[in-house]
């Protein structure tokens, strides 16, 4: 179980390879890699800045990772979330889950990213040709997180 | 869109990196990596052999990948499936999907692997201390594939 | 007609692939299965129980009532277990 | 008491962090919000509309009726948008 909140970039392939090798009980490794897109709801995005609440972020992520391990039989899991200013194409977040069975790996991975989107203390602002604006929370993201219950 | 049926191993990280970079419209890349486990339903597994139907496999995978692209807005997708004899911990299958939105990436990835498990012409046999046996199709895998409809 | 045998069908019939002329009276998969079963030995052993047989004609999965003609590629195999 | 401001709260109040003594009459998040709003300027601008305010006390997400005491770390921020 690893949680990393960092400004630096990461090597998604190396992380997936590491988690694949933790045990020969692992039958499936699911991963989600989030990247900065160059198009928002209304206009082109030239850059994005992610701000977070140091201390609370780590605490909240540890809590949700513990919940995922309770709900699904995971052999390992990883969350890496970056903060700082990024340009389109850059990596922001990586979630990896490993389990004996693929359904557990998929569900736990989706649960973690849904939760990250709505409950981890990160805030995004986007730079567009019209200026910089804070990204508003999306109803779809809240609905996605709520489907997992409390 | 790439489909590879091969005996050789693959570099999952390099494939994910390649697909992440196809377009700055990609916001999420979901991947599933399947590995040989050392424990089956009843006993320890020392090796697994995957046999397939050359020609039909490629045809069926191309068809299902086309269906995934029709159902979800994907920027790219990849299926690599190996055949031959493998030991625990070895990589068997990789599915990668890239989309503007994470829900599409997750759903398409799970759809492809569910389909591969039940409808692509591959057959597994397992070597255990008690001998070599053909793996029987699992009801849970059929149910997983059927939830996507026809 | 080309016939391919996979997984335990290949093992039981002890053959991976064969070319045969379409036998007299064989019009569809059902009648081909009857013909194969009647060959005796490993074929009878492989094709007596029809419950777990899957079949493809020209690399497309079909039902047992699918028509056959000379030149077709027919493959017999158990339910798939890939992934 | 330490107060942290994130995202547009930091921008509107023009401050990231401050240490204050627990003001007289402030017993919970609601009364702290009243006190901040009454400060005027950027604070009033930031805290007049309570609809999109989220608050954490000692790094745990809480509701506005959560009690406060001197020494607490209180943070104000909009709904999260990570991932």
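To keep things simple, chains are lettered A, B, C and D as they appear, and every chain counts its residues starting from 1.
FYI, a residue touches a chain if its C-beta (ideal position, glycine included) is under 8 Å from a C-beta of that chain, and two chains touch if they have at least 3 such contacts.
It should be emphasised that the depicted structure is a prediction, and the values quoted were computed from it without experimental measurement.
Engineer: What are the chains that chain B and chain C both touch?
Structural biologist: Common contact partners of chain B and chain C, which must touch each of the two, are absent.
Engineer: Suppose chain centres are the mean of their C-alpha atoms. Which chain sits farthest from chain B?
Structural biologist: Most distant chain from chain B: D.
Engineer: CA centre of chain A versus CA centre of chain D: separation in Å?
Structural biologist: Result: the chain centres lie 27 Å from each other.
Engineer: Could you put a whole-Å number on the gap between the CA centroids of chain A and chain C?
Structural biologist: 49
Engineer: Could you state the distance in Å from the CA-based centre of chain A to that of chain B?
Structural biologist: Comparing mean C-alpha positions, chain B is 23 Å from chain A.
Engineer: Counting only residues that touch at least two other chains, what does the list for chain A look like?
Structural biologist: Those would be 34, 102, 113.
Engineer: Considering chain C alone, which of its residues make contact with at least two other chains?
Structural biologist: 83
Engineer: Quick one: which chain pairs are touching?
Structural biologist: All touching pairs, sorted by chain label, are A-B, A-D, B-C.
Engineer: Okay, in this complex, where on chain B does chain C touch?
Structural biologist: Against chain C, chain B makes touches at 34, 50-53, 55-56, 59-60, 81, 92-93, 113, 116-125, 134-138, 141.
Engineer: Looking at the complex, which residues from chain A come into contact with chain B?
Structural biologist: Of all residues in chain A, those touching chain B are 11-14, 16-17, 20-21, 24-39, 88-89, 91, 100, 102-103, 105-106, 109-110, 113, 140, 144.
Engineer: Okay, in this complex, where on chain D does chain A touch?
Structural biologist: Listed in rising order, the residues of chain D that touch chain A are 4, 6-8, 56, 59-61, 75, 77-83.
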